[in-house]
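Okay, got some structures for you below.
Two complexes, one shared chain (subunit A), two partners (subunit B, subunit C).
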Partner chain A sequence: MPDVQSLVNDFLNQLKKRKIEGSQATAKQTAELLRSFISQHRVPYTNQAGALIDAVRTVGEQLIAANPVEVAVGNIVRRVLHIIREEDLSLATDAIAGMGLSAASDDEDDVERDDHPGLSAVAVAAAARSTLRPPSLQTLLEDVPDSAAIPQASSSGGDSEGKSRSVDKSSRGRKLKHDVIEAINELIQDIATCHEQIAEQAVEHIHQNEVILTLGSSRTVLEFLCAAKEKKRSFRVFVAEGAPRYQGHLLAKELVARGLQTTVITDSAVFAMISRVNMVIVGAHAVMANGGVIAPVGLNMVALAAQRHAVPFVVLAGSHKLCPLYPHNPEVLLNELRSPSELLDFGEFSDCMDYGSGSGSSLLHVINPTFDYVPPKLVSLFITDTGGHNSSYMYRLIADYYSADDLVVKGRHVTRC
Partner chain B sequence: MWWRSASFILDKQQNDAALKPDTISISPPPDATAHSSMADTFQNPNPNPKISAYYQTRAQHHGVVTSDWLSQAQAAIDQNPDDHGISADEVRVADPGKPFSVIDEFNNWRKQPDLAEAVAAIRALAAVIRSSKATTMMELEIELKKASDSLKSWDATSISLTAGCDLFMRYVTRTSALEYEDFNSARSRLIERAEKFGEISQKARRIIAMLSQDFIFDGCTILVHGFSRVVLEVLKLAAQNKKLFRVFCTEGRPDRTGLRLSNELAKLDVPVKLLIDSAVAYTMDEVDMVFVGADGVVESGGILNMMGTYQIALVAHSMNKPVYVAAESYKFARLYPLDQKDLAPALRPIDFGVPIPSKVEVEKSARDYTPPQYLTLLFTDLGVLTPSVVSDELIQLYL
Partner chain C sequence: MGAPKKNAARVSEDPEELARVPLQAILLADSFTTKFRPITLERPKVLLPLVNVPMINYTLAWLESAGVEEVFIFCCSHSKQVIDYLEKSEWLSQPNLTVSMIESHNSVSAGDALRLIYERNVIHGDFVLISGDTVSNMSLTQALQEHKERRKKDNNAVMTMVIKRSKPNPTIHQSRLGTDELFLAIDPSTNQLLYYEEKADRSKGTVHLDKSLLVDNPSITLHHDKQDCYIDICSPEVLSLFTDNFDYQHLRRHFVKGLLVDDIMGYKIFVHEIHSSYAARVDNFRSYDTVSKDIIHRWTYPLVPDVKFFGNSAIKLERQGMYRASEISQSRSAVIGPFTVIGFGTKIGDNTKVLNSVIGERCTIGSNVHIEGSYIWDNVTIEDGCKLRHAIVCDGVTMKPGAVAEPGVILSFKVAIGQDFIVPPYSQVSLLQQPVEEDSDEELEYADSATAITSTVDNSHVEIASKVSETQSVSELGMGGVGYVWENCEGHEEEWKHSVAPIPENKIFEAIKLMEEEDDLEKTDGDHILPRPEDLKDDLDDDEDDDNADSLYFEKEVEATFLRAVHENIQEDHVILEINSLRLSYNKEAADCAGAIFYSIVKYALDIPHSSADSLCKNVQGVFAKWKKVLTSYLTGMDEQIEVILKFEEMCLESAKEFAPLFTTILSYMYDQDIIQEDAFLSWEDEKREADESDKNFVKQAEKFIQWLKEASEEDEEDEE
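This part shows the complex of A and B:
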């Protein structure tokens, strides 16, 4: 049996050494790791969800710290935490409903054991459900002293029921874990198929004889364009090469292989060509809660050019790229500097970069940032697996995928963002 | 804009008509003979400038109490409630043995300097519940509705008073819908929650302060306009967290609320620089972010705040500086102002230091409306929000 901790450590190392490329692969591997972690984690008999959440949180903390720039890791950890909370809640609601029935049939004092004697079981369940939602005006006046108390209360309510039937208890524990793993499988499935769901919407956005501009390479964009092509749309694609890694070349090759009319341009030609373009379609590294985009370097320039010529700037992003954090100073904190060897050949420039000569520091510096931050006002449309959204709508998607508690707890760890 | 000016003349006529039977006297009280210059100041076209009650509270709590007019305003507070209380308040009966009135209650509560106006409103409504003799939820609701309406009409200029009343009424409706087993437990629960609201408001400020810490980075310069308890709390926490930052405070004429804030910050050893209100654009290039509070957050996501916020937001927007708003969520109000003049102006006297000829009109409004496109983020106890979330939250609650 492979030790979970060694699996975690392997993954941590890979993250630290930046061995995993792309947010989709990272998200998928994180989810798989957490799945095996949960399946091998022993849960105590009482307060199982709480124990599970704590365990996932400790692992998640390490994972996030290993590569804070790859926000997909944090996203998946939060998604898994949310899944655990949701599954626990649905079990607890079932238990409370069962308890309410049994109370009505045999013993009345069962209800009195509850925290709120005046409240019916329905109200307790409603209160418990409200803890999963982010805080809102509705709950402002309601009695939710601190959000940790309610899940505790509800699970203890479940326990008091289990006290009478101890056989039920262990089966419930297995059921929670089983449900959580089932839900994580669904999540992994979602991550794997998000390309297809985004690509399905391609025909609605790409029209006949249009000119599309993109920069660098993104699998989501490739699938999106090809999906439109398959639906017999004929259009042209301008691919900006995406220096310094020139992944645009790869994308152009792929597009041509699939029979699309493609033009490669340099990054510096974007502004010259943008007036001929009908739509800019790009991929993203991450989408922040305010609708800002962390994207491959050069995209802010493209977005500004698009705004200047009123060309729609469309960002494709799977739901695993939605990050519930707000960017503070993203140009510096959510960025990464890559090796200068991508820009300059060592052989030719090694003299200028020699630290030994002259004043002790080289005269030539190379800065090679990986990402750009595109502010929300420059993005016309986000296309996610759930459809097209405005940038101001991102917070609502985020509220669906994450629970507010996890943001606050994790907020401590991601203050760097 | 011809239509605007035309309607304004109409409005003015109506206002004047409404003012005539009114007997509030803000004209110099007897002891004002000592301040002869002050008497001159009040030679305005309107000899009885109607001071908005909302503004009085604010001036009382936020201003540096130096000007003479403020003492007059304070004197007016003591007169005002009685003037209005009798005319508007139906709860008060002629019988002196039972002189309960929401408005008196509200006035008592709002005198406490650390209490937000919405908290005072909700406390006052709780007092209504306590003194009510209703035996069913419906009766209680009707009684509360009456009380909150009279409270709202007593001071139509206060956004957070209106918002607080609406929020509590909504809670009452929801609670009765929550199937409480009997009336008494529901009633005691309502009272208990209303009395806890002060704590909720304190907690909200703490949450906001915590949320905004990430946005204050070392070495940044923050421009603050006027005095806001929430903003002070934010800056206080940042100072406690050993953040290195400096603050530019606007003066906040005419009630000089900025001076008060700069005093408080100086006590915390935060480097502060005072600006006159007109120096905002001049200093904006040094500023990293603008931090303002809000009197009310409206449905569009824009804010109503002290006069001058709009122009600061415009300057910040044109220089690409973020504008952050710190506001508790109970200040979210169901209003949708389309422009500056869309709301009842909160009037206040302005001391120009020199006599103003009676022919000269004076703009006396105490606040302006900042549209959402000039705001970057709102820090509320519901989390960090983009302006567009506000309407979503309001729709969820009131629909």
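This part shows the complex of A and C:
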């Protein structure tokens, strides 16, 4: 499949050269790439899910290594892996159901089923884990059957085929692939519409005559604020400019264009203004499993200021930004240092960097980090496309989207490159 | 390589072709200089590692990200190594970038390279001209757009040069990249480049601009703090210009200056200044150091070590700008300072200190080693107790225990430094012997003389050299040392300027002192901006000198004419005619003629043999009797007559002192002969009355005569009454 390989290489190149900006775009492109990768990947007759998982892992590892800072890539790779597992599991349970075996069997049954020729070890393990796993809080609260929490494909006409043990293996392979691709399409759809889903909740959070503060620019925040405005809420927005890239200026422009009363302030004026603010609403780069947020630089300061004045600090994040890793994991690269030229004019300071004189080392160092880490205790509320959550609930939410097996994408099957 | 297709017709001028041509680039993988010797004898400059990545990768990565679709890499010296490297690399399989190589063995300059590319007929539109040692992260979009818009309006806008602000070092007059100070004159409204000078007259601190620049352009900005990035956006005409002017060699020295001076064709060069992005060229060891540090300080983002723009080496950026690749074994007691890069698989021993340095892959560094500001390439072994400060250490070098490399040292490939040997500052050590023949003609690396030989004989040469040196160089590089220490070809005075080591303090001190002296001189000279008074005076003197020379010439001519007339017995009228024409051609007054003729007559009289003052007087009378008419024809007014008297006085003082005692006699003779009127004598006396005492000598001598004249005139008047 030279075609896919070149697609992968192209995407790798773009990631390496930092040409794709923004986690939503990255997430979407990653999902699309994996979709075409899976659709063109030949699966063997036996252990299809395992083979597919290995293949995705190999690609996934490359993708993650290409730009370790952009955690959305890893998130999507893990989501896809999870989808494959879930699909395989649902097919397996269907098959098992057809044989009259109970899915909710104990461990001994698992051992027995290991010898079953039609079922992969991975599928069995997944099935076991899935059955042992407690139902998610949401499903409990909403009183939905557990099976529905598993992505929808399980219901997609599996009954007719799955009833018989003598399922044609190749057709089952096609079925798995088909289901997986369906589910990935669903995922791409989710990523594309996450802004709207988050924005729908805007009216519940923004009230009349409130003052909202935000820093930098985030598409999610923009949509959120505009949605509230469209619902005839009248409020004011303070925009901290977000040095050194000053994306706050762009946000202010957009907000004014949509008819919102906007005030631009410097980042350093945030503390002075925070007492007048009713709520801080910001976007995030990634949300870690502990509820900590990797966010544009300067946000930790804003969060601390908000805490000091007991102003709610609300983080908007699409589900593709939920990262199953903890910030203390060694493979998590929390930050990226960008070019100092965003801070200083090279020409003006060129004489400070004349390595030809003195000891040969420059006395001037410029550090331009991209991100801040906001600890979970400073975040009052997360708003994702599934609703509002407390930071202590994030690990639960993440368990819905990812399998524990996939946390480290570098699998034993993966060849190092 | 194939024969150049000379007959191929140029098609780029077709209008439909201009509509959509892929953006092309010419990458010169040869700098045509010898500044990186001795390293470049064994490996081409573009493959030298810059922060552990061969330089050409920076250039190619930039071209790729800037949207260039087709690159022609021109390889000359060590072309085989470059081509081998590229064939193994990932650059030939890029989806958006076509890379093709053009090989040449006999090009000696950038000019030759471009002429060859022109013959190949591969460039069809605007192209980017860059050398393979340029690091940049600029976006080409705007510069390209500006270039194209200018081209639409004016077909003569052939080139856009990229410049960047960077202040030069005021004391030693060089940029932070170790190149000479650059002076640019730019038209601020159009960004047209009007003047380009790299080597300003340092001794005077002056820049000479053509006056016509100020006449033709309403405003000019003169820049001293700009750095030439050596990234040019060129129109296809540039190639044909190189072909037309077959003597153009250097891109800047010949081509740019040539176009700026040449106002017949009217080609124009423009500049594009970049502000937030970075661009610089590794031109010498100093810029190697500077650009490396700029990369480590991330000015070139995203072309920084921890972003994998090239290859698959994973490097992590840790605290304080410390870059570490994987699989490094580092002793717990080793200290690694900030802004240091350590490559894959390197081992670092106990108590070793590494500061501000770049260490390549698979190096072994022993215990108690001190490395500061140095560049250590791959597979280097540095044993216990070595010290390196501001040195470049190439692949495969071995430093035996206790060896020391002083600042500015270059250790070329596979050299070994003996135990406890101290390599003196700025010395260059190579396995190859220094080539004896040095082209005195500029710093061009003539391929046929040096590079071609070394590239082919390379390997065998190395072996021989190592064998020879093992026996010989025990004394030269200490126990177990291998290699030759090169004589510095740049001249010892200047080596510190372009070396990797920072400029020693005493040199800066000297430079400051020198500058202060210059300042003092300038102060005594007066205002610096206006022409100095002495210059003005010089000018005046010049004018006078000119006049003097002219008069002298005129007098000589007149004398010659007169002598000829005397010897050939030419008629007086003819002599007058001739002198008249001389007078016209030299633009002289009648008085000058009178003076000159008088001078000739008296001189002639003097030349006639005479025994005493009396006979001399007789001679004069004789000559005057014969040639009186010639003289009198010019003595129409008082001024001329006074001029004659003054002339005579001058002669008596200087050229013909024999006449001094006869002064009065001859004057009275001339009065008798009606050559000079008495009024002239009187006004001469009047004029002289105010003069110095010394000048009055002859007036006193003529006192009696004048007294007599006065009385005579009074008598006359009385008579009339």
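Here is the rule we go by: the second predicted complex is superposed on the first by the 334 of 417 C-alpha atoms of A that agree within 3 Å, B and C clash if a C-alpha of one lies under 4 Å from a C-alpha of the other, contacts with A are read in each partner's own complex, and residues count from 1 in each chain.
Basically, contacts are C-beta pairs under 8 Å (C-beta built on N, C-alpha and C of every residue); 3 or more make two chains touch, one makes a residue touch a chain.
Predicted, not measured: the structure shown is a model, and the values here were computed from it.
Colleague: Mind working out whether A:9 is in touch with subunit B, subunit C, both or neither, as first, second, both or neither?
Modeller: So A:9 only meets subunit C here.
Colleague: Would you check which partner chain A:350 touches, where first means subunit B only, second means subunit C only, and both and neither mean what they say?
Modeller: second
Colleague: Under the stated touch criterion, which partner chain does A:392 make contact with: subunit B (first), subunit C (second), both, or neither?
Modeller: Only subunit B; A:392 stays clear of subunit C.
Colleague: Who does A:339 touch here: subunit B (first), subunit C (second), both, or neither?
Modeller: It touches subunit C, and subunit B stays clear.
Colleague: For A:268 in the superposed arrangement: first (subunit B), second (subunit C), both or neither?
Modeller: After superposing on A, A:268 lies clear of both subunit B and subunit C.
Colleague: Using the touch definition from the top, say if A:90 reaches subunit B (first), subunit C (second), both or neither.
Modeller: Touch partners of A:90: none, neither subunit B nor subunit C.
Colleague: Taking the superposition as given, does A:234 touch the first partner, subunit B, the second, subunit C, both, or neither?
Modeller: neither
Colleague: Who does A:290 touch here: subunit B (first), subunit C (second), both, or neither?
Modeller: first
Colleague: Considering each complex separately, which residues of subunit A are in contact with subunit B in the first and with subunit C in the second?
Modeller: 417
Colleague: What residues on subunit C touch subunit A, complex-wise?
Modeller: 61, 65, 94-95, 137, 164-167, 169, 172, 174, 176, 178, 225, 275-278, 286, 289-290, 293-294, 297-302, 307-309, 312, 314, 316-317, 321, 338-339, 355-356, 372-373, 390, 501-503, 508
Colleague: Taking the touch rule as given, give the residues of subunit B at its contact with subunit A in the complex, in rising order.
Modeller: Contacts found on subunit B: 167-168, 171, 174, 178-182, 185-186, 189, 193, 197, 200, 214-215, 217, 329-330, 332, 377, 381-389, 392-394, 396-397.
Colleague: Provide the residue numbers of subunit A that touch subunit B in the complex, in ascending order.
Modeller: 118-120, 122-123, 126, 134-138, 140-143, 289-291, 326, 328-329, 376, 392-393, 395-396, 404, 407, 411, 415, 417
Colleague: Spell out the part of subunit A that touches subunit C in their complex, as residue ranges.
Modeller: That would be residues 6, 9-10, 13, 16-19, 65-66, 333, 337-342, 345-348, 350-351, 353-362, 365-366, 368, 417 of subunit A.
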